[in-house]
Amino acid sequence: MSEVSTLELTQGAGPESTGISARITPDNTMEVLSQQEVARLVDRGNEQVYETFRRCALAALNTGAETDNTQLVLEQFKNFSIDVVTQERGIKLELHNAPANAFVDGEIVQGIKEHVFSALRDIIYVNNELLEKCDADLNTSEGITNGVFHILRNAGLLRTQRTPNIIVCWGGHSINEVEYEYSKEVGYQMGLRGLDICTGCGPGAMKGPMKGATFGHAKQRVQGRYIGITEPGIIAAESPNPIVNQLIIMPDIEKRLEAFVRAGHGIVVFPGGAGTAEEILYILGILMLPENKDIPFPLIFTGPPTAAAYFEQIDEFIGLTLGAEAQKLYEIVVDNPILVAQKMRDAMQRVTDYRRATHDAYYFNWVVRIDDDQQHPFEPTHAKMAALSLHKQQPPHKLASNLRKAFSGIVDGNVKANGIKSVAENGPYLISGDVEIIEPLEKLLRSFVEQKRMKIPTTEYEPCYRIV
Amino acid sequence: MSEVSTLELTQGAGPESTGISARITPDNTMEVLSQQEVARLVDRGNEQVYETFRRCALAALNTGAETDNTQLVLEQFKNFSIDVVTQERGIKLELHNAPANAFVDGEIVQGIKEHVFSALRDIIYVNNELLEKCDADLNTSEGITNGVFHILRNAGLLRTQRTPNIIVCWGGHSINEVEYEYSKEVGYQMGLRGLDICTGCGPGAMKGPMKGATFGHAKQRVQGRYIGITEPGIIAAESPNPIVNQLIIMPDIEKRLEAFVRAGHGIVVFPGGAGTAEEILYILGILMLPENKDIPFPLIFTGPPTAAAYFEQIDEFIGLTLGAEAQKLYEIVVDNPILVAQKMRDAMQRVTDYRRATHDAYYFNWVVRIDDDQQHPFEPTHAKMAALSLHKQQPPHKLASNLRKAFSGIVDGNVKANGIKSVAENGPYLISGDVEIIEPLEKLLRSFVEQKRMKIPTTEYEPCYRIV
Amino acid sequence: MSEVSTLELTQGAGPESTGISARITPDNTMEVLSQQEVARLVDRGNEQVYETFRRCALAALNTGAETDNTQLVLEQFKNFSIDVVTQERGIKLELHNAPANAFVDGEIVQGIKEHVFSALRDIIYVNNELLEKCDADLNTSEGITNGVFHILRNAGLLRTQRTPNIIVCWGGHSINEVEYEYSKEVGYQMGLRGLDICTGCGPGAMKGPMKGATFGHAKQRVQGRYIGITEPGIIAAESPNPIVNQLIIMPDIEKRLEAFVRAGHGIVVFPGGAGTAEEILYILGILMLPENKDIPFPLIFTGPPTAAAYFEQIDEFIGLTLGAEAQKLYEIVVDNPILVAQKMRDAMQRVTDYRRATHDAYYFNWVVRIDDDQQHPFEPTHAKMAALSLHKQQPPHKLASNLRKAFSGIVDGNVKANGIKSVAENGPYLISGDVEIIEPLEKLLRSFVEQKRMKIPTTEYEPCYRIV
Amino acid sequence: MSEVSTLELTQGAGPESTGISARITPDNTMEVLSQQEVARLVDRGNEQVYETFRRCALAALNTGAETDNTQLVLEQFKNFSIDVVTQERGIKLELHNAPANAFVDGEIVQGIKEHVFSALRDIIYVNNELLEKCDADLNTSEGITNGVFHILRNAGLLRTQRTPNIIVCWGGHSINEVEYEYSKEVGYQMGLRGLDICTGCGPGAMKGPMKGATFGHAKQRVQGRYIGITEPGIIAAESPNPIVNQLIIMPDIEKRLEAFVRAGHGIVVFPGGAGTAEEILYILGILMLPENKDIPFPLIFTGPPTAAAYFEQIDEFIGLTLGAEAQKLYEIVVDNPILVAQKMRDAMQRVTDYRRATHDAYYFNWVVRIDDDQQHPFEPTHAKMAALSLHKQQPPHKLASNLRKAFSGIVDGNVKANGIKSVAENGPYLISGDVEIIEPLEKLLRSFVEQKRMKIPTTEYEPCYRIV
């Protein structure tokens, strides 16, 4: 609970704190491992993999902290270490100098413990085992989709008994109080209607719907699912709330986006900044593919009255760049949480019918086509950002894909460790293109800055990009 | 969620609304009934019992409404009716003109449905069946305790597998935002430590700890118990929140208080008004009995810094009237939710040890002695209020008991239908006694009024009593 | 397993053995008791009730013994005693000189322990609590039916989730190996079809179907119910097999028969002796009532080829005494277990439909009418046996009822302690009536003796009756 | 139930029957599959794998048939086919001309259905997926052990919550009634003591202990595990009883033996023939390895009095060939099921202590060393059989291993399709060696023949070997 974090921090570790050391035991996951599997887990040979795991575990332990500056977090807990140790009945994790936040009277909070083991499972285990899997050849489109499937299945996310009810909620981590309360209310109304929530973890629009749904589910006496799908680059800045009861760390941002689309059954977008724009362009790029035109995929943009102007800007930007066809793919609902929830609930029936008609699994959308270009990791560099094809001489879904990359780069420069470093060293990313694209883009970005949607506001926002 | 209620009400029924009609089926409770039992349920012969049931069911359905004026609620839904109908596999309830709040898209919220059936169980069923039980002779002290036991057992509250962990939270329904947030935080910290919450239902200090504990339990992946114990006279003014997953309606206020003491394992008192003072005096009256002096019974008064003065007043009042011995029975903790939770958790071990040593049940405190005088219903009239023995020529526990009655009368005049009517007709209750009692009392009551703790503030509070 | 008993007995207690002493704790039943309820349980004031409990507990503990001579058992374990002791979390039972058969390496077998607590529940608890219940006035027909309901509900037998599938199996405790194997096979085929088994406990036709069904259920991965309904007079001679996972001890033979009819959904009758004849006449007496003529109640007599003659005799006897209408109420199936199981499974659908149409409970047949005369205990004495109305100048269902009493008396004289004693002292019961009744009766009884169906053959059978 | 099979067969399919066609759906196993995994399952490209699957599925469906002649079964159901079909929520299996035994009124028996899907899982799925696993390189000792682990884990056999309690029961499929009853009694006594049973599937000593344990577990209200571990070559001749609630089909006889040793916690050997001798020599070969000398591994040979001579012969043979050290590794208990069960239960504590001390898993014995030579498949040919090293100029554990191969060949020639064919074409296997080995061997084999332990006796046994 956001109200709680200040109090928690009084208990927690200041920068000078030495943190807590503890041994923690897994509950269900990864219980029965072969000796080789354990050996590979214990092995610290691959420094990069280990460091990724250490950072993700730290993020899980550092829950409740109110910052999105990855660098700060990593420095504050630079002495934190985590090791896999072999034990008679399997394995344990040994923590040193862990954030005190994660503990209650010396005992780790159960939900946080589960997240740390999710990190172990998704970073080290998946890394080891996926490399052995011929099916998951991450160089091909089909292989990537298979990789996404295997990671989600291994995480226990795919359940056959369920009918479609997973609503993905996107939106900014840095939204204001009114928008936050609104996102809670939407979550509450969806929870009352038996819908489960999936977000990207972290604060703001990613926490609100889960908190709201918690009460909706409690009132309906339903065991809700609160699925958080993140990736190593962003998790430190968007620490998973322990309400998340299924945490999955995908290898990179593109697989994370694909996981949202294949495991979710509908998407609600709350106000946000560059990351949210990236997500909107990603899903539009998919739904605009001719092969996908018959697939029911409910997509709603919503917010309180104060956010009406924001969605008008987004809508206008989409109209100007991708055209009227793209605008038909979503609905905008202002100030009506009940309507949003009702529309999503109704859409679930259409999704179910379509899956049945196409013999597609309820728990994984095999049918939806994702362009190769949207699947491979886009690692922004100054050169790549400068070279983006932002013009109308390409199919609209390709333009959507390229616009997505532009926003992806901005997110990178805003909150990710590497991006921040690179911008600090080389100056802002330069973005250019046709004027009919670049002008609306510049306008949209400017409004994000004005509305303080780029980062959790601590100091004045300094753009990591320049439109040229 | 309090944030939600306004939105809910836009969906809900205004005074002009005709309400919703529906048939609802029980889940587990009261499934297997004999033909006679069903016949008695269906029978509307006893008008008074039926009306009590109707009011309690209405209160359960009217959840989320922000008023404590019973009369208003009853008038708004005067066309509401509820009937038991016989069905092939048991019974159903037929609702007419029910508050729309209780429904989501035409279907009743599961948690609310359970509460309505709790009302059926506790009002009609218990009424019928207890009358047949020789053990529960409500004219004797032992019989009353047995009656309380039978009602709680019949409600499924008594569970042998649990070790002591039920913390009763008392406090005002009309507290300010800071106090409310504080009560949530205490609930959160108790939930993190595996403690369950029991309150009197309703808003304010009775909702905050449950909401907080919901998150604490969720983070610890614990299925929490949120027990609401109320009584027919107060339920309309303090509608149970659907988070309550065990609702019990005791026959009257004295049995409700006894239920708190026998089923709970410790008590936290938040700031409140006359009702809270009544509760404090009740538990002090019990703990001051010589027979109870060895029984561990943790009792903590707590609130945010702004409530420090409030508890000083209470403490001073207790010191002046009941003496220093009474002051030893509780602790005051200001602005430290974690400490409150830790103290309660630690005390649970002492409670467990004592129960084991005395062969007393974990789930029901048979050993604690409650004076006959505290068990029989005190039905305030002008005559009885005027005749209260408020002097020091009696054992302190007797004085506590009599002071409790004074506050009980004030609660009655403030929020209960009968009391409001009686005061409206006959003027305020007159309260008199020795000056060394009556002066501190007057001072305390005045401070309650000044701090707006008497009722949910809509208009200026007009006292239902006069100190003479 | 019958094969096992010899081996068990080598471990068990011979007549000279001092038996085993132990304390046993209940699991679920009777966990949460009030202090008064415990006090009444502990109280040995009512010697007769205590002695009944002691005998039933002994019978449960003495499982596997191959005798139906109650007297012998009681003498062998005359030092056995059992006491209720109060404990911190409820109660325990203290056993002294208990049969060693019930223990494995000093620990009581779980199934047997449950049976002993069933005896406590049904004898002492029900005895105490039923006396307080006005609903269960055992002097009226309706009150008796209510009493049966309350005992079964208190035992946890009545479950709303289930659709009709309880098949009552009647038949002799002293049947030969071929008939026993046949009864197992019928149970096996019913178990394969998801039917549950209810018998009167004890060996022979009461054990076979349960053993068979155990395998049928195991193959279908179904958790079967093996319900044993007995009564204090017969339990010692027909010790419940621990496979029985719901043991219920009804107060007397008439309530036991009513429990079969109201809780069961169909009846299969295997070959047997006087007790089986009693049961056949009881159910025919009910089904012949005009009020019951539309109620679907599947009734099948079945056995291996060697039993064909036996059922011809029964059928002939019924035809001669009760007439052709009575013969229409059952089917005889020889040597076809699959057909029996199929017929029963099919009939369950008709039973379900009828219950739904009449709004009758699935778990308790309220609709079927049982004549007052069949509900009140018939306690055979020489005078009553001599005075039975065995003639055709009465409605056939009355004649059935009176014939049932004749057989009830013979069972009494054969295996019950009181009956054996009375016959030993006063000579055989004299039975008389019209020749057109008495001749077929004599013929049938003679055939029972010849076929050794009267008692488990140890010595030559000496009739406890004389037809005059 | 053996008693049942004749009756079942009357319902079942005679040789002329066309069998039953049906579609069956999996319950839990293999629910969530990727598209590639499904594609590989559906693919019939690998004819040999498909044929193995078809045979195993047929064996599972043909349960209850009383023959061990694989050839006969395969001919009788030569029209049987089975196909994987893709379905909206996963896969189904389509059966054509399946044995009618497997169905009850047209619906497949649940336990049999599970076995058919176990075959799919273990034959096709494991075959596909194991080939991709580098860890399970079946050319190395470590890789084989890993393969065994992966197959058992994939089958859900390895459970961390359990403490050691799996007793492997070995013994002949063709034992006499007295021995069969004895094996039931041992199973019963072990079931009473909470021990689970693991056998090789099939009739005789592999069914008896499970049937007995079913009753022991039922009396103790314990959900027992009945684990059957078989392999494709033997399953047709030893059809799994549907009581088996975990069926695992290992790739070959050596991995099956390793699975027994690594997943089981103790071994009871009943009388048997060549297969049992093979198993005894296998486990002795392991326990005689110097590396294993401290590992507690309870091994008991037991049977009724009539089997005393049989075990004397075995014991004598072991003494003469492997020496007194080998004789210390087992105990012989005659005619005392309770003692066998008590010894096993006591040994479980020692096993638990040892696992804890060595940090070895409870559910998989990683520590025990198995010689490379015992892990690789021994495929008997006339040449290999003739070339076996049966002399004392080798470490005793090597001799044990070679003697095992001799018996393995004889089993092959007795009941496996290939072996029978090869012997029919080329005459009996010739076995030679040093006289001090070969003489006791011949004597032992002769006694097996005399005691009709070689095959289920239909006609006179004709040896498939000749000692030279």
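Labels for the chains are A, B, C and D, by order of writing; each one numbers its residues from 1.
Criterion: contacts are C-beta pairs under 8 Å (C-beta built on N, C-alpha and C of every residue); 3 or more make two chains touch, one makes a residue touch a chain.
What you see is a predicted model, and the numbers here were worked out from it, not measured in a lab.
Steps from chain B to chain D, minimised over paths through touching chains, total 2. Taking each chain's centre as the average of its CA atoms, chain A and chain D sit 49 Å apart. Centre to centre, using the average C-alpha position, chain A and chain B are separated by 43 Å.
Per-chain CA centroids place chain A at a distance of 65 Å from chain C. Touching of two or more other chains is recorded for no residue of chain B. By the contact rule set out at the top, the touching chain pairs are A-B, A-D, B-C, C-D. Within the complex formed with chain C, the residues of chain D that make contact are 1, 3-4, 7, 11, 104-105, 109-112, 114, 181, 184-185, 188, 192-193, 211-212, 214-215, 218-222, 242-243, 245, 337-338, 342, 345. Residue ranges on chain C touching chain B, taken from their complex, read 31-32, 34-37, 86-90, 132-135, 146, 149-150, 153, 158-160, 355-356, 359-364, 366.
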